[in-house]
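Across the two complexes that follow, subunit A remains constant while its partner is subunit B and subsequently subunit C.
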Partner chain A sequence: MSYLLKRIVFYVFTAWAAITINFFIPRAIPGDPVQALITRSRGQMTTEAVQSLYVLFGLDKDASLAEQYFSYLGQLLRGDLGLSFTYFPSPVSQVLGDGLPWTLGLVGITTVLGFLIGTALGTGIGWRRGSWADALIPVTTFVSSIPYFWLGLIAIALLTGPDSFFPASGAYDNGLVPNPDLEFIGSVVQHGILPAFTILVSSMAGWILSMRNMMVTVASEDYVTVAHAKGLSDRRVMVGYAARNALLPNVSGFALSLGFIVGGTLLVEIVFSYPGLGLQLFQAVGAKDYPLMQGIFLIITLSVLLANFLADVAYLALDPRTRREG
Partner chain B sequence: MTDAVLEIRGLNVDYGLGEDAVHAIRDVDLTLHRGEVLGLAGESGSGKSTLAYGLTRLLPPPGVITGGEVLYHPDGGDPVDVLRMDHAALRRFRWAETAIVFQGAMNSLNPVHRISTQLTDVIKAHDPRGTSAARLARARELLHLVGISADRLESYPHQLSGGMRQRVMIGMALALEPKVVIMDEPTTALDVVVQRQILRQLVELRERLGFSVVFITHDLSLLVEFSDRIAIMYGGRIVEEAASADLYRDPLHPYSHGLLNSFPALRGPKRELTGIPGSPPDLRGMPSGCAFHPRCPHAMERCGVEVPVLGVPPDKSTTAHVAVDQRSPADRTVACWLHPVHDDGF
Partner chain C sequence: MTVVPTTGTATPVAAPVKRRRLRFVANPKATTGLVILGFFALVAIIGPWIAPYDPSGRSNDLLQGPSAAHWFGTTHLGQDIFSQVVVGTRSVIVVGFIAGIVATILSVLVGVTSGYLGGAGSELLSALSNVFLVLPALPLMIIITSTLPETSTLTIALVIGLTSWAWGARVLRAQTLSLRGRDYVEAARATGEKTWRIILFEILPNLTAVIASGFVGTVIFAVTLEITLAFIGIGAGGDWNWGTVLYWAQSQQALAQGAWWWFVPAGLAIALLGTALSLVNFGIDEFVSPRLRGGGKTNVKTADGHTVRMRVGFTPVLATKAGPEGRETP
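So, the complex of A and B:
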């Protein structure tokens, strides 16, 4: 348990460091958000408007860096991430709130599904080593080396078009208002199939490959032979003795990939114009929308930390050798 | 004839298929009698472990059994050929009738499961109707049997010492009260003190529970002490089989002689340890004739040409202590041209 506590302290410290860096980096950039907004409106602003913007962004008070830092921390605790430039005057937290569910829904579901299906397939293929199933291995190696945005481009080029069932962009039909009714959900699913499919195919291949290789390694361990000699059923040996141990390296890989759900699918969201965080980040970079970028980076950092923490917990739960007791 | 529990007849095991196959076991005949400890000795690569894996059908690929039969005689039933059992029958046979204690004490237990899980799952697999409380009680009893306190039940393997782990494995082997326990170098990874403790315990348990043991080791000195009969393997064949006292006093095969001379006696005058010159044969390119002839100090011309047949040596068929025992002279066999065998139908 003390091990877990140490990890928690470590993660809290890392999170603090990330937040602090997040605070200082934009302040190291020349110019200020008001200047950026003036540039965006091509200078067509009255002095009063500029002045009120300074008040709005809190830049009128001549606060010291330390004061700014602590008020930043305070705002952060209240979930206040400032105002977005691109979606002005929406607060960043609201913009993120709009994008996050789409990213979590699309990439989260496909990441989990890809892991589950890939691991199950890899288990089977590794267990029946030398059978026809081994022929799948070169295919998965090939597929796993394809970047998924490229797969997405190919899918769009081949499968979408004016008469196609698959839409090429967006998360739902533009004519619909987000409601939890059947029509809207159907539209979401219809829009999600292609991007989900491309992520699933390329991420699954990696899981199949690593699980298969671990299964082959573990299957020659003595305790697997002992399990056979004990007359346990083939299924029990495969699941309880081989797959259970082969899973361990994959679990930490899976937890890490959870951390990259938010940041890792930028390209898929761009390719499919999917309104998630990735697309928002892309737009924020294009528009020099620093508050939004900051907010997204913060979410990416925190999700990677959370995923690492989950990996630690999962490992503790699955591998008794990592527990430092007795 | 003494009561046989396991009869191996003409067993052949290859690694690989076709032209490149390596013959690891050739025409091995071996009989294990009820309640005895049969020692199986030989250098590394002589096929001892392959024999153990082969007769339980646990050979890892590319091992293939290419011929022979392994007859198991259940109590008061007809003998069954283990090599021709279907999967379900084989699964019921394993552990319930023939349990194995493997070479790697350290790796025989799955590191992520508790000792209790690994002791009870085998009981559950063979008797799914029992309650989990009964299984746990049995697991506790098994640990007690091998001298480990029951509170270790909830430990993980890495929390036990090597000796304790091997004891757990022995306890596990006895879980279903098998008639035969095969021990494949069970104590090789342990230091001599622990080794001796475990073996003594094993002998005790055998006297109490009455199972038969096939004890595989490269350490002939251990076998001389702990086993009733010893079979010596060389290059995939059995070259000599005798009561352990006979073998110790009067080894007939030059290879057995060499093995016995490679460890010092505890008492008696000092003598120079000779060992055996050369190294074990490469199974891919076995010498013609007797596989041992390139290393044999008594090699004759005939040895390089003809494979000697395992049989009863004429000149040694009645030694005094064999006559005292009720064993027939056929209990002693050797495959060497120094002791040419009568043509008795082999």
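So, the complex of A and C:
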């Protein structure tokens, strides 16, 4: 268990680092962003809301840096991330609450699926090195070089239209009210297929390549030769001996590249106008909505850390050596 | 401990056979990649001179498809898209390479130091690179660049370079850790070589391939990130790059108007550049680890009609029909 404990300490440290970055960066913004917001809100803001923004942006000149830092931490613990400029007068935490489920549903499911399918395909291609399957490698290289959002643009241009089954934007029909009934769920699935497919295609390619290379390396290990010599079936050697060992670096690679993949998938949301965090981030950038940007950065970072932790737990289950040490 | 009296002969092994130069270029993947890369580099240099129009210059040909006058069509303001893509190449290449160089220098410093020196400082550097590795790059870049008072191509390149060294540092640290225990490094240490000399002349030459592949990887990453940032509207002021073209295509509803020519060329250019860099990286990987090369033809037909699949580390025994021991074919 000491392995997990070490990882938890690391993630807490990283979360603290992200929060600290979030604390210092706004202090570099030139001018007075809060004043700009107050002007824009035409006096509709309460004094408390103004005060909370001043704490977030470090414009509380009377307090020392340490005092500012601790009042900032206290505010975060209460879940107070300030007010959003774009969605005024909603607080940032409420805006994030609206966007997060969509992002988790779309990005979460497709990222995991992409990893599983890509790894399975890579296993097969790596095992049959030198057969027709090798021809897939240049194709996957090309696909993995395409930015996610561009593939989404192409998918919209080719597959959507006035009489197409696939809608070009949104997460559900405008006329529907979010209810857990069949019609609504059907609409959500219909709107989700195209963005999900885009993310799947572009994220899969990388996993195919890395798994293929690991399989090729592992295939010449002694234990694989021994397994063959024992007369085990080819399938059993591939899955139980080669793939099981080749999988480990891929799982840790998955954990490490999550931050990057999530960045790419947020772009898909922008292209499809999918109402998740990515679209909100886009709007926040356009409107220079600093509190929302910071809130999104924080929530994405924390989600990625959590996902990393889950990948570590999976690694623990897959590799008995990590368990023995504890 | 006995000191072996072989002073002076513990220099790096001089290869008795002269190594073939340019072995790397002989790899077809690497060659293809380098040729495409060379093409883009050329366009980056001469782009502004060969572009037929001013990329921002308006004309009366509004939103027209590809034609002889406008190879890639025009935008809603009548700007020539071919010129935008050609002129934009420079910014893409410059950001890719500056960010790649900055990140590579940082990753070598952090990775090799923490791998070779060991101790608490090493653990700290390793933890630092892990932190940078798990922080999601795109949102981090967005909040950094949006607070900068003004962004030019150079600042974007520097910010990308300063935030994307972690992956290379991690790989280099692992490699250095395995190298520092090797006999020849121990030998150098035993003969009293200075630490900086061991790192520079014993460790670094053996990391060349890893550093090169890390550099190429960072260039891919930086190019994608720059284009992504430009696509969402955070970019270098007035400079054109492929992301800016896509940004205007997206914000002017090019898709809804059926103006496919507006976003297809820039996207293909990105994919082509990315593929070229990946091919160079495969070339490096295969150069270092020959196993990764495609196996050629591995299914061999035997005389009696069986098919045997050749595999690394696996020697198929072909039994003849009437072998002396009378073994049966499986």
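Methods note: the second predicted complex is superposed on the first by the 248 of 326 C-alpha atoms of A that agree within 3 Å, B and C clash if a C-alpha of one lies under 4 Å from a C-alpha of the other, contacts with A are read in each partner's own complex, and residues count from 1 in each chain.
One rule holds for everything that comes next: contacts are C-beta pairs under 8 Å (C-beta built on N, C-alpha and C of every residue); 3 or more make two chains touch, one makes a residue touch a chain.
A quick note: this is a predicted structure, and the numbers were derived from the prediction, not measured.
Engineer: What is the contact status of A:His228 with respect to subunit B (first) and subunit C (second): first, second, both, or neither?
Structural biologist: Touch status of A:His228: both partners.
Engineer: Going by the contact rule stated at the top, is it subunit B or subunit C that touches a larger number of residues on subunit A?
Structural biologist: When the residues of subunit A touched by each partner are counted, C comes out ahead.
Engineer: I'd like to know which partner A:Val304 touches here: subunit B for first, subunit C for second, both or neither.
Structural biologist: second
Engineer: After the superposition on A, what does A:Ser220 contact: first (subunit B), second (subunit C), both or neither?
Structural biologist: Both: A:Ser220 reaches subunit B and subunit C.
Engineer: Touching A:Lys6, do we find subunit B (first), subunit C (second), both, or neither?
Structural biologist: Neither partner.
Engineer: Residue overlap on subunit A between the subunit B contact set and the subunit C contact set?
Structural biologist: Residues 130, 220-222, 225, 228 of subunit A touch both subunit B and subunit C.
Engineer: Provide the residue numbers of subunit B that touch subunit A in the complex, in ascending order.
Structural biologist: Interface residues on the subunit B side: 56, 58, 60-61, 90-96, 99-100, 102-104, 107-114, 121-122, 125-126, 156, 158-159, 169, 172.
Engineer: For the complex, which residues does subunit A have touching subunit B?
Structural biologist: Interface residues on subunit A, with respect to subunit B: 130, 220-223, 225-233, 236, 240-241, 244-245, 248, 318-321, 326.
Engineer: How about subunit C: which of its residues touch subunit A in the complex?
Structural biologist: 127, 130-131, 133-140, 142-144, 146-149, 167, 220-221, 224, 227-228, 231-234, 246, 249-250, 255, 260, 263-264, 267, 270-275, 277-279, 282, 285, 289, 291-292, 294-299, 310-314
Engineer: Spell out the part of subunit A that touches subunit C in their complex, as residue ranges.
Structural biologist: 10, 13-14, 17-18, 21-22, 25-26, 28-30, 129-131, 134, 137, 141-142, 144-147, 149-150, 153-154, 156-157, 168, 213, 216-217, 219-222, 224-225, 228, 255-256, 258-260, 262-264, 266-267, 270-271, 281-282, 285-286, 288, 290, 293-294, 296-297, 300-301, 304-305, 308
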